[in-house]
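After this come two complexes, each holding chain A, first together with chain B and then together with chain C.
Now for the complex of A and B:
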C-alpha cells in the first residue's frame, strides 16, 4: 500500500467520526454542560473554601475558576475518550468494526487513526468550552489558545488509548458503564484537576502520592502550562511515554473475537 | 495473476477452536476463478467462523487460506485487498448516507477521491441505487441495504466476493432477486463468489457446493454430482443422508 493509501484511510476515518459527531448534536451540548456545571456551580461554592497560592504556571494569585479550567478541559477529553471507547465496543458488538478491520492496512494504523480522529473531533468542544469560560472571566492568553492544541491532542490520544485498552477486556456492552465508573471517577478526582496536589498532601501523604502518579494529573498539568504558553517538560515526558505504552497495550490486546462475532453460539 | 488451472481460493487444513468447542476441523476445499461456489451447512456448522478466518477477523490457528496465491499467514494485506465481504449482520452505518458508507469503505482500501467517486457511481448504478445515493441507509428497505453492501464490497474490485447468509431476513422475492444479481456478477465481471447459506433453494444443480457440517467438510463437488454420489434424486435428500437431519428450507424455489 502506498503512503497515499494511508492518508486516504485516515481521512475516511476522520470524516466518519466527524459525521457521526455532527449527527449526535446532543453529544456536543452534553459535553459542554458537564464542565460548565463544575465551573458555574461547583467553583462558585468552593471558591471561598479553597485558597490558591501562587503556583506554576500562574504569575499571581488566581481565582478558583481559573484554577479548574485546565482540569475541566481534560475532563472533556476524558469523557470524549470514554465515549469513543464505548462507540468502539458498540461497533464491535454490532459488527460495523469489521468494515474497519477488513482494510488491508495494518491494524495498529487503523486503531491509531481512530484514536486520533476521535481526539480531533473533541477539539471544537474544548475551544467552545474555553470561549464560554471567558464569559466567566477566565481569560486565557492568545498564545495559550495555540499551545493548548498539541497538548489536547496528546492527552486525547492517551486517554483514548487507555479507554481502548480497558474496553478490550469488556465482553459485553452492558458492562461498559460499570467498568468505566471505576476508571473515570478515580482518575478525575485523584488528580490535580480540582485542587493543587499540595492541598492533598496536607490531608494524606499516601493519597498525595497516588494523585502524583496518576497519568491524568500530568495531562492536566500539560494542558495548564500550555494554556499559559509554557511547557511542563515532566508532564510532556510522562504523557508521551504513557501514550506509547497504552497505545501499544491497546493494539496488542485488541481482539475482535470478543463481543458478538466471537460468540461460538453465533456461528 | 490467476492461472487457469490453479484455484483462486485454496482452503487448506483449516482448524479453529473456541474455548470448549472445536468449530472447524481440518477444512479443505478449492474454488475456481469465476465460480459461484455455495457453502452449505446448517446453523452452527462453522460457516461464519470460516468467513471470519478468511477475512482475518479471527487469527488462523491451524492450516492456511490462499486467495489468488496470497497466503493469509504470509501476506494478509494482499489477501484482504483481494476480497470483498457481505456479512450476515448488516455492517452499514444507518445514520450515514449510502454514498458516505461507500466512501468510507473506499478510503479504507486506499482509493483516491476521484477513483472513489467514479467507482461509487458505477457500483450504485449496477445495483440500481444511484438515485438513493444521498439517502440515509436507515431509510432503505432490507433488500436495498443488501444491494448497497454488495456495491460496497465490490468497490475496490476484489477477485473474491464472500457472502455470509446474505439473504437472511429477506422475503422470498428479494432473496431470489439478490441471488440472481450475485450470479450475474460471476458471468459478467468474472467475480468469484463464495455464497454461504443454510437454504438449499438457493443452490442450483450445476453449482459447486461444499457441504459443511459440525465443523467438517462432508463433500465438495457440484450439487448434481453430490446427488449421484449419494444415490439421491435431490440436494435435499443428499443433505439429509449426509447429515442425518432434514435440511432447513423455507419452501420457496429460486
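Now for the complex of A and C:
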C-alpha cells in the first residue's frame, strides 16, 4: 500500500468528521456554551472559595477563572471524544462503518485516523473557547497558545481512544448515554480540572490519590503547563503511555459485528 | 550567611571593580522581613532573591540615602534606626531614634530623618550624619506614616489612633496644622509637584486626596472589590507614578492592589497579589511596581504597562518595607 493511499484514507476520514461537525452547528455552540457556563457562572460563584496559594505552573496568585480554564479546555476534548465515539456506535448501527472498513488499509490505521481526525475537529473549539476566555480576563501568554496545540492533540487522541474502547462494549446507541454518565462525570470531577489536588488532600487522602491517579488529571496538567509555556514531564509520560495502551486496547477490542454488520447472522 | 567564604567573596567583590571595568549591575530591591530580622535582596533583571542579610530586630521601614551608599533601617524592637553600608552590607551605626521606630522619611537635604515613634506619640528628628537628635515633636497617638514634601518645607505624619494628619514646618519643627481623616491613617505620599497629598485610612477603608495649600480634603476614594467583604479592604501603602497618571493603593487583607487614575480619582482596576499587602515601591524606570505581602511572605511584581501581576517572589517571613537601589 503506498503512502498516498494512506493519506487518501486519512483525508477522507478527516473530511467526513469536518463535514459532520460543520453540519451540526449546534454542536459547535453547545461545545462552547458548556465550558463558558462553567467559566461565567460556576467560577463566579466559587471565586472566593479557592484557597490562596501559588501552584505550578503559575508565577503568581490567580483567580479561580484562570485556574479552571485548562480544565475546561480538557472538558471540551472530553465531550468531543465522547461525541466521536458515540458517532462510532451510530455508524455501526447505520452501516456506514461497513463502508469504512471495506478499505484495504489495516484496521488499526483506520481507527487511529478516525481518532486523530476527530481531535483535529476539536482544535477550533479549543481556540474559540480561549478567545472568549480572554474576554473574561484570562490571558494566556502567546507562547502558550502555540504549545497548547500538541498537548490538545495528545489529550484528544487519548480521550478518543478511551471512548472508542468503551464503545466496543456497547451494543446499542441507547445504552451509550448511561455509560457516559459513569465515565464523563467521575473522570471530570475526580481530577485537577476544577480544584487543585492539595485542596482535595485536605478533606480526604484516599480521594486525593484517586484523583491523582486519574489519567484525566494528567491531561489537565499537561494542558495547564503547556498553556503557560512549560512542560510537565510526568504528565507527558503518563498521557503518552495511556495513549498507547488505550489505542491498543481499542483496536484489539474493536468489533464491528456488534452493530448492523453482525445483525444478519443473528436472524 | 556570614561565612568566611562569603566575606572573602564580599572583599573580592570590593577589590574587583578596581581591577576590571565595572560590569553593568541590575537594580536591586531591598525587602525588610519583619519576623526574620533580615533583608531579602531581589535582582530586578531576573526577579529572583540574590541575597539575604541579617539585621536588627523587627525591621520595618527602610530607605536609602540620596547617593544609595547607606540604607537606613527601622529596627523596631531594638528601638533604633540602623545604618547599613550598602557596599559591605555591614551595619555601621545605630541612630538614636526614640522608642519603636516604624516609618520614617528622609529630608531632601539628606541631613534630617523624621522618625515616627509608635509607642510614645512622638516624631523624632535625627541628623543621620552627626547621629544627633535635633528635635522631638508631640503628635497624636500611635504615629505611623511619614512623608516630606518635595520642596522639603513640610513634613506630614499620621497618627493611627487619633486619625489625623499632623503637618510639621521643617524650618521650626513645629506642628502647624492637623487634618482629620478616616480611621487609622497608615501612610501618606506627596504628588511629585507637591500640590497633593494622598493619605490612606486602614479601618476607614478609604484614601483621602488632600490639597496641600489649603490642607483640606478634596476627595475621598472608596474601594469595592467583587467577592471581597468591605471589612477586608484596608488601604495602607500608596504609590504615585511620577508621570502623574496612576496611583496604586495596597489594600491589605483584601489581597489586591487598587489602580487609581491619579487625575480623575477613579478606581480603574484591582490586581490580585499575595496575602496582606502593605507597602510598595516603583522600579527606577517605573515599569514595575513591587508589593510586600506580609502573610504569604512574598513580593508581587506588577507590570505597569500591561497592568498585570507577572510574578510573586518568595522572601522571608512577613515582608514589610521596600527600598529600591537603581543600577
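The definition used in the following text is that the second predicted complex is superposed on the first by the 262 of 267 C-alpha atoms of A that agree within 3 Å, B and C clash if a C-alpha of one lies under 4 Å from a C-alpha of the other, contacts with A are read in each partner's own complex, and residues count from 1 in each chain.
Heads up, the rule we're going with is that a residue touches a chain if its C-beta (ideal position, glycine included) is under 8 Å from a C-beta of that chain, and two chains touch if they have at least 3 such contacts.
Just so we're clear, the structure is a prediction, and the values are computed from it rather than from any experiment.
After superposition on chain A, the partners chain B and chain C are seen to fit next to each other with no clash. Contact with chain C, but none with chain B, is seen for A:139 once the two complexes are overlaid on the shared chain.
In the superposition on chain A, no contact is made by A:199 with either chain B or chain C. In the superposition on chain A, A:19 makes contact with chain B only, not with chain C. In the superposed model, A:95 lies in contact with chain B only, and not with chain C.
Of the two partner chains, chain C is the only one touched by A:61; chain B is not. Applying the stated contact rule after C-alpha superposition, one finds that A:105 touches chain B and leaves chain C untouched. Counting the residues of chain A touched by each of chain B and chain C gives the higher count for B. In the superposed pair of complexes, A:9 makes contact with chain B only, with no contact to chain C.
Shortest separation of chain B and chain C in the overlay equals 48 Å (C-alpha atoms, whole Å). For the contact definition in use here, the chain B contact set and the chain C contact set of chain A share no residue.
The touching residues of chain A, counted against chain C in their complex, run 47-48, 52, 54, 59-63, 139. Chain B contributes residues 18-21, 23, 44-49, 52, 55-59, 76-78, 80-81, 83, 85, 87, 89-93, 95-96, 100, 103-113 to its touches with chain A in the complex. By the touch criterion given at the top, residues 226-228, 255, 272-275, 296, 298, 300-301, 308-312 of chain C touch chain A in their complex. Across the interface of their complex, chain B is touched by residues 1-2, 4-6, 8-9, 11-13, 15-16, 19-20, 23, 94-96, 98-106, 110, 256-257, 260-262, 264-267 of chain A.
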